[in-house]
Amino acid sequence: MSGELLAFFILALIAIGGGVLMLNMRKVIHMVVALVFTFLSIAGLYVLLSAEFVAVVQVLIYSGGVSIIMLFGIMLTRHNDRSEVSGGRLRRFLAGLGVLVFFAIIFYGIKDLALGGGEILLSGQSQGGDQALYENNTEKIGISLYTNYIIPFEITSVLLLVALVGAITLAKRDEAKELNDDE
Amino acid sequence: MVDYAWLVPLFPLLSFVILLFFGQRWRSGAAYTGVILTFLSFVVAVTVLIDQIGGSTAAVTFDWLRIGDTVLSMGFAVQPLNALMLALVAFVSFLVQLYSKGYMAEDPRIGIFFAYLGLFTFSMLALVISPNLLQFYIFWELVGVCSFLLIGFYYYKEEAKAAAKKAFIVTRIGDVALFIGMILLFWQAGSFAFADIFEAVEAGNIAPGMVTLTAILIFVGAVGKSGQFPLHTWLPDAMEGPTPVSALIHAATMVAAGVYLVALMYPLYLASSAAMLTVAIVGGFTAIFAASIGLVQRDVKRVLAYSTVSQLGYMMLALGVGGYVAGVFHLMTHAFFKALLFLAAGSVIHAVNTQDIEKMGGLWKKLRFTGPLFLAGALAISGFPLLSGFFSKDEIFVATLGAGRWILFAIALIAAFFTAFYMFRLFFLIFQGEARHEEKDVYESPGSMLVPMIVLGVCAVLGGYVNTAWFGTFLADWFGSSTNSLGIDESGGSPGVTIIATVVVLGGIYLAWLIYGKRAISREWLSGRVPWVHKVLYRKYYVDEGYHHTIVWFTSGFSRFLGFFDRFFVNGLVELSAVLVRAVGGMVRRLQSGQVQTYGTVVLIGFVVVILIMAVTGGYFQ
Amino acid sequence: MDLETLLSFHWGIMAPEFTIFITAVVLSLMDLFFSRHFNRRLFAWWALLGVAVAFIFCVTEIGSPVTTILGGTYRLDSFALAFKMLLLIGAGFVLLMSVDYDKKGEISYRGEFYYLFMTALLGAMMLTSSADMITLFVSLELLSLSSYILAGMRKNDPTSNEAAFKYVVNGGIATAVILFGISYVYGFTGTTNLYEVNEILNAGNANPLLFSDRYLIVFSFVLVFAGLAFKLATVPFHMWAPDVYEGAPTPVTAFLSVVSKTAGFAVLLRFFYVGFAQAAGLHTSSQSGPEIAFASLEPYFAVLAAMAMIIGNTAALKQKNIKRLFAYSSIAQAGYVLVPFVAFTSLTVGDIWFYLMAYLFMNLGAFAVIQVVSEKEGSADIQGFAGLYRRSPWIALAMAVFLVSLAGIPATAGFIGKFNIFLGALLSSHYWLASVMIGTTVISYFYYFGIMARMFLRPASHPEKMAFPLGAGIVVCLGIAGTLGFGIFPNAAIGFLHDYFQLGNFFPE
Amino acid sequence: MSDPYFLSILIFSPLVGMIVLAFMPKDVKAPLRTVGFLATLLPLILALIAFVRFNADMGELQFVTSVPWIEIGDPEVTNSSLYIYYALGVDGLSLLLILLTTIITALAAAASVKIQKEIKGYYLLFLLLEVGMLGVFASQNLLLFFVFFEMTLVPTYFLIAKWGYREREKAANMFLIYNGLGSAVMLIAFIVLFTQTGTMNIEKLQAIDFSRLPSTVPLAHSAFRYGLLFALIVAFAVKLPIFPLHSWMLRVHAEAPVPTVMIHSGILLKIGAYGLIRFCMGFFPEAFADFAYGLAILGLINLLYGAFIAFRQSDFKLVLAYSSVSHMGIVLLGLAALNTAGIQGAVFQVISHGMISAMLFFMVGVFYERTHTTELRNISGLAKSMPRTSGLLLAAGLASLGLPGMSGFISEFMAFLGLFERLPVLAAIGTLGIIVTAVYVLRAVMKITFGKTKEEHQSVADLRLVELLPAAVMIGVIILIGVYPAVLADSLHLAIDSVLVGIGG
Amino acid sequence: MNDLPLSLFLVLALVLFCVGLYGALSKRNAVIVLISIELMLNAVNLNLVAFSKYGVIPSIKGQVFALFTITVAAAEAAVGLAILFALYRTRGTVNVDDMDDLKN
């Protein structure tokens, strides 16, 4: 067993473990914390996949940003840790069943899928793909972002703006309204 | 003059149209309009008749309707038979209208009455001069409608209403048969024109079976119209109409149209012995059947009605056994004396305001004209020697015997006996004995009513002399001269038959006198012994009841069943599908629980089902 | 790729998008700097101006050749242009409606409303032009996120919040599902450009490797379809729609049901017909080799379309809330539009375009009426329409025209649209699908005429007249003009499409 | 007759009235009524002009218009572009039906004086309906036909649902759903025809012998043609209506306002017959001939079923409704005869029943206005207080039961004449219907007019002049056709010949 | 570089995706539902990055795509949470089961 494989298994175990724990925890906070482990281990897997930059981003945004605001969310909404209501069992069973079947079908297809690189060539593209992703990873991403993907990049910036404005608009306590009423 | 025969029906039509629009306001003017115009029509008819006897015929047609390559035409034709009918109808119609002027004088709806009479006269005359079966059928139906309208003239009387309806429907059954027969003939002969049809029949272009079938179908039509068994039930009920109507339509003219039809289509019948036999048997049976019912009825008009049915049976019998001239001859004489009888009965009813003969009596003195005229009519219909009925009936007997139909001959004799009996039963009960009526003042009818009766009386007495074995067979010669194809060969008189018939008739009269005149025999003699016979006769053999419990009951039940079927099954299917659609909608709504995770689950399940099916059917798991 | 290369692209073809983008930015700045007392309602007209300018840019682009920027991340072809024009018209209508929306001022963030609206429109427009899955995804998310927020704009109203939340949860799952599918597509092709995807997957190439994985490829496309179907609200991915439509502010509902849906169809068409249709399908026959994937999926899509029509139309029968009713109605309408998608012929794209155009006019017209009536009544209960004819005969008449058109009765654009769809379906021998469509159309008569019965036959609960505000009035008038105009002279649109657009250039060479 | 605008003007001439009405105030009842009525005279006059100008000896369409309307398919993509045309034109059959439409509409407009509420809206819908009906008969393009066909749906729905009797909305819904389904099936059939032949022109389609099409076209196979014909028959069966698709029609007849029922049973039902002749028979002559026996049986069922049920109805309107079912059976029988006489009979029946049922329902309206009931048990002996009305009712009843001298007879006669040639046994059974018809018509009519007059109806007023005139016109037309049928037959025969050419009869 | 089998990553991603999906469909707390969706998106990212390296044509595109996804997911989380706050303010609960005012 190579080191990589070992690393993979450990990380995978943590990731899945985090997910499963999330499903089974009682306390909401614990659930989020469990997921943080998953996010972190996924970052680790990115490193294994020669995507250092993505890994860093993953750590920053997920483990840092998203998890934190989720925690805030939980705090602010004061959930009285009452565990699951007894109703809706059938629905959960069906959901579980659906998920399982979905898993089974896709799993059957990918369980020994291997795509050899470069066997299929585009008519206009002669190079067999970029095999060395880990070399200058960040630079490559940067170049790609600012050339080919400049348009989605810009759209993403608008999207972030939208999210920002939206989040403020919706989450803000409404004092403006009272002011309006004074007019 | 024959070329102007189309004028004959036109005058009454004019009368109808005028009276329809103005009749209500005119009242007495309406009567004059009707009478005068019909008289004009009669005059023309007579000239046509004379012309035709002189040998001229006419056949004029014009295109009426084009069906693809076939052209249906309308027009008129004049031959001996219909020239005679033309004059006869116009004559009787004129007389009856004259009579009605007095009879209906009090009725507020006299305008409508004369309008109807005008329409009827028009239709009947147009029927008579039809050159083709289709036109014939059209007017055949129209006279039926007029009959219906006039029977229901007293619309507020439930009986009149029922009678009118019955008349229409029962005759319509016959009409439909005629309709079928007519169309079948058309497809066989390629034309509705009588001439073409007869040509095809003679040329043998029509299969014998088809000839018989069509002949019988047409005969069924005649049965309906002429009140022959088993479609006779409407005719007695039709007496709910005003009496002049009974005289004109239900005695003299329209009901005779059935006989006329058979006579008209005679070549067809000659080609099928089965059809001839059918006609003869139905006629003979009807003759005795109706006569027997007539024996016991209490309503004067009903007795006369059954008498009419019976006499029409005679005519059919005559035609059925090959006695063409005899049948037509009897038709003519019957028109005279039956019209006379009805008018006289009307006069009586007019006087005593009842139709129940048990409530009459002793009127001979009070109705100085009506009495003798009625007697003349009664004698004529009974076949009293030397009166018109005697000659025509005699010919029928001769013809029947000549055809070798012994049984029918016997039946006819018995019927003649019955006829004589019930006519004189009527006569004695009405005019003899003590007065049993409540009416204090009984007056003779006014002149406008009496004149037609007198004229008819004369005809009833003398009408027979146009065709007698003794004084010349004028009628037969005339018919024979123009229509050789009919194969008429009337054997002249037969003294033996004449004597037997005379004896029978006199016997009938004598028996009636014994019972009702002299009262030598108790009236309950028969009804006391075998009460059921009387009852059966009085209830007209329960034919009406029979129909009611079979055909009417079935129709009604069937339609009720269909009604339910329609309501619950056909409609139910519709409701069911609506319910189904709503059920689907309801299901969807129930799933839409508001739970966002349920939605997700539904989506997931849906999705998984899709790819599962895909995977399984696509051979993924291999 | 250097700056010169970047500058060498025809950025001008993006003028409509830029215009919308700039409008959004300007509006946001105005919102920021204008006094609180400034009536933010007037923003609508500014936004409208932007939309109009963008529309003019679109018009000037008519007839320009196919142009791509940056290796197909943005592609301008007739297809994109035709759909963009629909989106702009639709957005314009919604803006006009929104001027008069919410008289009571429940939406305290009206400025935000307008520029979020603009960004949503931007996302939708980009969707029609994206030939690259990354652009596609990001645009889709821009549209979605903006829509989530817009749906929750009436933040003091629990139903609005609930709608937004349901939308975001379902939408989030859908996004993940789409992405899951896209990730596999990327994996199997190594590219994100749809036209390249087409080239690689093309069954004609019969690549043995991809052939053996054809199931996964098909599944991945089904995943994408599922995600997109969520946007279109077709069965079984429709369940969010009634709740969200009911809870969202009316103009937003109108936007979702028309603009967002139109964009969804545009992207669906491009994704499937361009990216995927030629891939190897599930079944193979010894004679003709593997069938194409589209053929294998066709029956499934057909069933989904049929279910959308059946479920949408039957569930609408008993609705009491007019917006909810229209949600189901729009589910059914989406089902109708799926029919030509399934029954692929040379007419498909034109048919879908025409139907969506007709749908735009009639549905937005109807929503304008709904908005005004439900505002006046204070509830969206269908009972509010009772006796509308007495209170405002012209509006009732206009609504009747819209309803008749939605029901697909002739002399309206809705009929011509349906007719085209039938024609396509029957041309490709989809007899049962056409039958389902027409059968459910008849079922739809029940509820469309039910509304009409209320308007015309029932007494009004209170008799006062109903004045019609300007913005909504314009929408209604234009809606009528479009519905009847294109119903009676359909060639005005069809001929225009045929003469000035080459829809064929949407397909790969 | 090459006046390309004439038919368009005729069809859309009611719009003139609609525009005038639209600008009139809502509450001036009498002027609205007057304008509404006058507006129906314009198409009537135009139709009469068309009738006069029509050349009965020319075997082709007249007053033809053809303008490209909808382009199908992008020429760039499909390499070929098809057009659907706005095509109008009339032959004898269409023309007669147009004339019938204008006459009955004018009469119904006259009968509409009893409408009290929302007069303006009423007449607007009414005139819109007329546009639809005229268009249906003048269309020479299937899609156009369909457009006009559906255009009749909406106004009729509202006319029923708004101005009808108690259960009007339910009736209107049923009307809508049935007719919607029928037209849906029809549309599918039309489009299938279009997809396989590339044309929607009625004349062209009639000229195409489908069996000669290349065998790759499904239409070339007889089974496919049977299917398509069946669909078309179902579509028109709903309209006609043919058992068991008739239940909607009963409700409509029972609940709709009188003028609407006049139009409905006078014209709208006739579209079904028109469709059967023009499309079913015209497009699929051989297949139709193979179906003829089945159709004859259906016709027989209609005839007897309707008649027998009518016999027991207690509501006069329902009697008439079932009577319509029954009479439409004769249309089917005539068509099933597949010969000139039969088809001519069917067409005559269409027109004749149009007039007769319009008249009967008109009389129903008159009675209802005065007695406020149509239940047979509540009315009797009205001949006393309303002699003219009763007389006219009786006349109409007699016409309905096929009395010679009136139009009903001619049609029945010809239909049976035709049928006896082909299917004598069925025809013979069918004649039973003639008897039953007499039974139920007389029962109902005599129940109303004959018998004792009810206390409360002793002094109801007889016909007013405004009522008398329409009734007189109707009975006049009925008698005119009955006495001189050539007035219709002459302009018909070429149209019928052209239908029959395909059948080879 | 020693290659790990692609399928390992894919299976892992699939597992995470399924866990996330199940969580989103079954958890009662709205926050957890949102975070489950994030987990699903993460799984997708894993896919993308794995394909970026081991796909048919290895390329940087996958990583770029993943970056976009992460950004979008974060924005989505923020918006989702904001909506949840608004909802919580008017409704007083974050239990998904209670959010069923809109139904049928």
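Letters A, B, C, D and E name the chains as they come in the text, with residue numbers starting at 1 for each one.
Here is the rule we use: a residue touches a chain if its C-beta (ideal position, glycine included) is under 8 Å from a C-beta of that chain, and two chains touch if they have at least 3 such contacts.
On a predicted model such as this, the values are computed, not experimentally measured, just so you know.
Peer 1: If we look at subunit C and subunit D, which chains touch each of them?
Peer 2: Correct list: B.
Peer 1: If you tally C-beta pairs in contact for every chain pair, which pair wins? Let me know.
Peer 2: By contact count, the leading interface is A-E.
Peer 1: Subunit A to subunit D: how many Å between their CA centres?
Peer 2: Whole-Å distance between the two chain centres: 68.
Peer 1: What is the distance, in whole Å, between the centres of subunit A and subunit B, each centre taken as the mean of its C-alpha atoms?
Peer 2: Result: the chain centres lie 101 Å from each other.
Peer 1: Taking the mean of the CA coordinates per chain, how far is subunit A from subunit C in Å?
Peer 2: Roughly 29 Å, centre to centre.
Peer 1: So how far apart, in whole Å, are subunit B and subunit D when each is placed at the average of its C-alpha atoms?
Peer 2: Centres of subunit B and subunit D (C-alpha means) sit 37 Å apart.
Peer 1: Could you pull out the residues of subunit A that touch at least 2 other chains?
Peer 2: If we look for residues of subunit A contacting two or more partner chains, we find 88, 91, 95, 99, 102, 105-106, 109-110, 113, 115-116, 119-120, 122, 129, 149, 152, 156, 159, 162-163, 166, 169-170.
Peer 1: Tell me, which residues of subunit B touch at least two other chains?
Peer 2: Subunit B, residues with two or more chain partners: 589, 592, 594-598, 600-601, 604-605, 607, 611, 615, 620.
Peer 1: Hey, which chains are touching each other here?
Peer 2: Every touching chain pair, ordered by label, is A-B, A-C, A-E, B-C, B-D, B-E, C-D, C-E.
Peer 1: Using the touch definition from the top, list the residues of subunit A that touch subunit E in their complex.
Peer 2: Checking each residue of subunit A against subunit E gives 2, 4-5, 8, 12, 15-16, 19-20, 22-23, 28, 31-32, 35, 38-39, 42, 45-46, 48-51, 53-54, 57-58, 61-62, 65-67, 69-70, 72-74, 76-77, 79, 84-85, 87-88, 91-92, 95-96, 99-100, 102-103, 106-107, 110-120, 122, 125, 128-131, 133, 137, 140-141, 144-145, 149, 152, 156, 159-160, 162-164, 166-171, 173.
Peer 1: Which bits of subunit A are touching subunit C when the two form their complex?
Peer 2: These residues of subunit A touch subunit C: 105-106, 109-110, 113, 115-116, 119-120, 122-123, 129, 143, 147-152, 155-156, 158-159, 161-163, 165-166, 169-170, 174, 176-177, 179-180, 183.
Peer 1: Mind listing the subunit A positions that touch subunit B in their complex?
Peer 2: Interface residues on the subunit A side: 88, 91, 94-95, 98-99, 101-102, 105, 108-109.
Peer 1: Give the list of subunit D residues in touch with subunit B in this complex.
Peer 2: 174, 243-244, 246-248, 305, 308-309, 311-313, 339-341, 344, 381, 383-384, 398, 403-405, 409-410, 413-414, 416-417, 420-421, 424, 427-428, 431-432, 434-436, 438-439, 442-443, 446, 449-453, 484-486, 489-490, 493, 496-497, 500
Peer 1: Can you check the complex and tell me which residues of subunit C touch subunit E?
Peer 2: Residue list for subunit C touching subunit E: 133-134, 137-138, 141, 145, 148-149, 152, 155-159, 161-166, 168-169, 172-173, 175-177, 179-180, 182-184, 186-192, 200, 209-210, 242-244, 246-247, 319, 324.
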